[in-house]
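You will see two complexes here that share chain A, one where it goes with chain B and one where it goes with chain C.
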Partner chain A sequence: MDASRRGFLTIAGLSLVGAAGGSTLIAAIGEPGTAVESLPAEPPGGGRRLAMVIDLRKFGHDGELVERCIRACHRAHNVPDFGADRKNEIKWIWAEDFESTFRDEEFRYLRRDLQGKPTLLLCNHCDNPPCTRVCPTKATWRRPADGIVMMDWHRCIGCRYCIVACPYGSRSFNWTDPRPHLESPQADFPTRTRGVVEKCTFCEELLARGGQPACVEACADDEIVFGDLNDPGSKVRRLLAEHLAIRRQPGLGTRPEVYYIVEDPRTLAETAPAAVVPGAAENDHV
Partner chain B sequence: MHDAAKIVGGLVLFAAVMTSPFWYNALTAAPAAVPALDPPPNGSKECVEPRAYMRANHMDLLNEWRDLVVRTGQRDYVSTTNGRAFDMSLSRTCLDCHSNKAEFCDRCHTFLAVNPPCWDCHVEPKEAP
Partner chain C sequence: MFEKALSGGRRYWAWMVSLLVVIGVGAACWYWQLSEGLTITGLSRDVVWGFYIAQFTFLVGVAASAVMVVLPYYLHDYRAFGKITILGELLAIAAVIMCMLFIFVDMGMPARILNIFLHPTPSSMMFWDAVALGGYLLLNIVISRVTLGAERRGDPPPAWITPVIVLSIPWAISIHTVTAFLYAGLAARPFWLTAIMAPRFLASAFASGPALLILLALVVRRVSDFDPGRQAIRALATIVTYAMVANVFFVAVELYTALYSGIPEHVSHFAYLFMGLDGEATLAPWMWASAVLAVVALVLLLNPGSRSSETSLVVACVAVFASLWIDKGLGMVVAGFVPSPLGRVVHYSPTAPELAIGLGIWAAGLLVVTGLFKIALEVRGHLRRP
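And now, the complex of A and B:
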C-alpha cells in the first residue's frame, strides 16, 4: 500500500511539473503567426530608406566587373582573403551564379543570357531583419534613420545567432585572427578580431563623409545604383519604376532592399535611345 | 634577568633588520618613476581637451566617441575648451597627431600594466621609414 501511494505521489508531482513546463514553453514560443502579425504595415522609421539596385543587364558573363566590385569592397574594409579555405572565408560581397542567387525560383527553362551569370550578393539590409532580432547584445540593429543594418564589432560576442537567422548567408564569422591574412591593412578602417561576426554595412563610414559605397564607386556606368527609396526623385526609385526588378527570397518576409534588374539586354538596347533623348534635349536648351 | 643585555640587544637587532627596507628606502629615496611620453611628431600643441583631462579621462572619452559614432552615427565632437569641431575617430583624429604609438600609448600602458584591446582591430599607423 505504501509503495503504491508513493508511486502515485511521484507520478502526480511529475505531471504537475510537466504541465507547468509545457505551458511555459507554449507561452515562450507564442502562437504561430504572431511574429508576422506584429509587423508594421510600413517600414519602421521615417527618414531615408537606403537601397541598392544591381542592374544585371549591364554585368557581363566573364565576371570581370563583379570581381572588381568585390576587390574594391574587401580592400576598403580590410576583409581577409583565405583563398580556397572555405571554412574560414569572410565575405561582405560575393558572387554566385544567377540560379543559386535566386534559388527559391524554379528556373527550369531560364533565359539563356541569365544562365550561370555571375551575380553579386551582399547583405540585403532588410526592412525586417531577422538577424537583429536574435542578437543578445544588440551588436547588430537596424538604423531607423536610413534603414542600414549596422554592426557594432566592439559589442559582438560571437554567438553566431545572427548567422543562423540570416537567410541570405550575408554574415561571416572570424574563426581565426584575420590580421595575418591581410596583405596591408587600411589604416582608415579597423580590422576585426577572432570571434566576431562581420558583414556589409552599406559603407556607412563612406556615406557619412558624403561618399558612395565602395562597390558603387568601382562601377563606371551605373551598373550598381545606390540611393534613398523614400525620395520619389531618386535614381533608385526611377530605375524601379521603369524596370522589372527582383529581390532574393522576398517570400520570407524579411523585406530585402537590394534589387536586381533582370530585363532582357535587348530591351535595354531598345529603350536606351529613348532614355537618352530627353537629357539631350535639355542640354540643347541649356 | 640574567641575560637582559643579550635579550634587549637581540630585540634591537631584530627590529633593525626587520625595518631595514624602510630605512633603506627612506634614506635613498628616489621619486616614483614616471613614464616620459613623446609629444606628437607633427608638432601639434593642442589636443581635443586639456592635457590634464586627457591624461586622466582619455579612456572614457574614447569609449564615449566609440558609442556615439558606431551606435548613433554622430561623428562630430565639439571641444569644450576651444569650441573646435573634431571627427570622432581614433585613426583619423587621435592617431593623426599621436602617430608615435610606441612612444605615446604603449609607454604609459606598459608602465601601468594595462592592456586595452584597441589595437586588436584598429590599425596602428605605420612607422616612418
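And now, the complex of A and C:
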C-alpha cells in the first residue's frame, strides 16, 4: 500500500470514528432545546401527553377556589406549612396575581376581570424540561409514557441545580426538616427529609389508581381540566381547540403543559351549559 | 516526602495550629448545618445558591490559573518560571480541594454525593464539572509529585510526564469553561445567559490567580531562602496586567449588551448589583468597591514604573484579587437570582455560621498550600535549619 493511500485511509477512518463519537456525544448531551423547527405538529406520539387547562373564566377574585385547590394538594402530599416564613416555604401549587404569573407579557391596560386575579401556578410538566437536563444524578426525569416530570427523593443530592434551571419557580427545597410542620400527616403518601427538592407530580400516585389530580378533584365545575393531549377527543384538547389559552413563558422553548384560558368570562354564556352561567358571571365580574 | 510537612519551627506550627483552630470552628458549624439543614444559611426559596457556590466559582479560577506558569515554562521553555512553576501547581491542588469542599458543604444530602458518579448524567454540566475538577486534581498531584521526586533524587523528570503536563494545559482551561457553562446555559436566568461568561471567567482567573501567586511567592521569600527571581515576578505581573485588561474589557462588553439593548430582564440584574432594586441594595457598595479596586489595579499595572516597583505591585495584586473576589465570589452568583423569575427581589446575605464554614474551608486551603509549599522548599533546600 503506498503512503498516500494509507494516509487517506487513516484520515477516513479517523473521520468515521470522530463522526460516530461526535453524534454519540451530541445524543448523550441531549436535545439542544429551543429550535422552533423541531416542534412536532402534534405532541410526540405513542404514549399519553398529560396536560392541564386552568379555566380562568371560572375562577373568582376572592381566591376561595384557589385556596381550596392548594389545601387539597398540600394535604394529600404532606407539604409542610411554614406560615409566614417565606425562607423555608415549600409549595407544590400556589397563587400569584395574574400579572405576576404572566410577567413577561407586561400587560398595561389589562381587561378588568383579570387585574390582580389570583392565578394558580404549579409545575408545568414541560415537554422539554430544563430541570431534568441539569440534574447530575437523574433524580428528576420526564416520564416518556405520559410526560410527567418525576422526582426521586431518595436519589436527590440536594444540589438545587434543578431549582436554578426552572424558569417557573415550581420547585422547592427542604431547607429544614419538614415533618414537624405537617398539620395532619397522611399515611398513604411519603414525607420528605431535609436536604431534598420536591414539586408537583401531577398526582401520579392518584392517576395510577385511576383518579384525577387533587386540585382537579377540589373543583366542582371543570375550573381545572386534566387529560391527554394525544387523545383528540379529550376534554383538554376540545377546550384548547375552542378557546384562547396561554402558557407561561413559552418563548423559552420549554413547552409547558399547563394552559390558562384567558377569554372574557362572558363567553361562558355561549359555551357552557346555561345552568352554570349566572353564578360564574357574578363571581368573575368585579 | 510528606514527612517534610510534619516538621518545622515554632512559627510554622503556630501558623498551622491557628489555621486548624479556624478549620475546627468551621467544622463545628458544618456539623450544626448537617443536623439543622441549610436553613441556618442565608439562602432561601428564591436565592438557592449563595456564598458557598460563589466561593467555589472563584476558586476554580485560581486553580485554573496554574496554566499561566505551566504553559510558558513547559511549552515555551521559559526558564524564569523554573522556580515558581511548582508553586503554581501546588496552589492549584489547594484551590481544587477548596472547590470540592465548597460544593460538598452546599449539598443538601452530602452523604449521597457519589450519586453523581453512580448515575452519571452527561446532560448535566455539574457532572462534567465533577469530572473536570477531579481529573485536574489528579493531574496536578501526579505532576508535582513526579517532578519534585525526580528533583529530590537529582534526576531529570521522566519522559512520560511531559504529555501529562501538556494535557494539564487544556484541562485547566476546561475546568473554568465547564464552570461557566454551569451558569451560562440556563434559559431561566437571563443574567448568566451570555456567551462571554466563559471567556470572562478565564480572563478574571488569569488575573486573580497569578496575582495571588505573586503575593504568595513574596511571602515565601520572606520566610525562607527561596527567591522566585525578579524576572519571574515581572513576567507574572505582565500576565496579570493583560488578563485584567481583558477582564475589564469583557465586563464592558457585557454591560453594553445588557444596557444598550435595554431588555428589562437583562438590565434589572445589573441595576440590582450596582444601584439596588426596591430598596434592596446589599451588594451595591461591594460592587462599587470592586469597580474602584479594578481601576486602581489597572492604573498601577499599566504604568510600567509602578508595575516594576515591588511595593506598588503588591498593592496592585491585592486590588486585583479583592476586586475579582467581590465580582465572582459575591456578586455574580447572587445577582442571577435577584430579581427572581417571578420578579421578586429577595434579600440575601450569608449568616454567621455560613461565613464560619466558608472561612474554615479557606483556612483548610491555606493549610494545604502551606504544607505543600513547605515540602517543595525543603526538597529544594530553601529552608534554613531551625
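In this section, the second predicted complex is superposed on the first by the 227 of 286 C-alpha atoms of A that agree within 3 Å, B and C clash if a C-alpha of one lies under 4 Å from a C-alpha of the other, contacts with A are read in each partner's own complex, and residues count from 1 in each chain.
Basically, a contact is a pair of C-beta atoms (placed from the backbone, for glycine too) under 8 Å apart; a residue touches a chain by one contact, two chains touch by 3 or more.
No experiment lies behind these values; they were computed from the predicted model shown.
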Worksheet item: Mind checking chain B and chain C on superposed chain A, clash or fit?
Response: fit
Item to complete: Name the contact category of A:110: first (chain B only), second (chain C only), both, or neither.
Response: neither
Worksheet item: Can A:239 be said to touch chain B (first), chain C (second), both, or neither?
Response: neither
Worksheet item: chain A residues in contact: does chain B have more, or chain C?
Response: C
Worksheet item: Where does A:87 make contact in the superposed view: on chain B (first), on chain C (second), on both, or on neither?
Response: second
Worksheet item: Across all Cα pairs of chain B and chain C, what is the smallest distance in the superposition, given in whole Å?
Response: 12
Discussion item. Which residues of chain B touch chain A once you look at their complex with the stated criterion?
Written reply: 66, 70-71, 73, 75, 91-92, 95, 117, 120-126
Discussion item. Can you tell me which positions in chain A touch chain B when the two form their complex?
Written reply: 78, 143, 145, 150, 152-154, 185-193, 204, 208
Discussion item. Considering only the defined contacts, which chain C positions touch chain A in the complex?
Written reply: 36-39, 43-46, 48-49, 106-110, 112-113, 115-116, 118-119, 121-127, 130, 182, 186-189, 265, 336-337, 340-343
Worksheet item: Given the complex with chain C, which residues does chain A contribute to the contact?
Response: 25, 28-30, 33-34, 86-89, 96, 100, 103-104, 130, 133-139, 155-161, 163-169, 172-177, 194-197, 249, 252-254
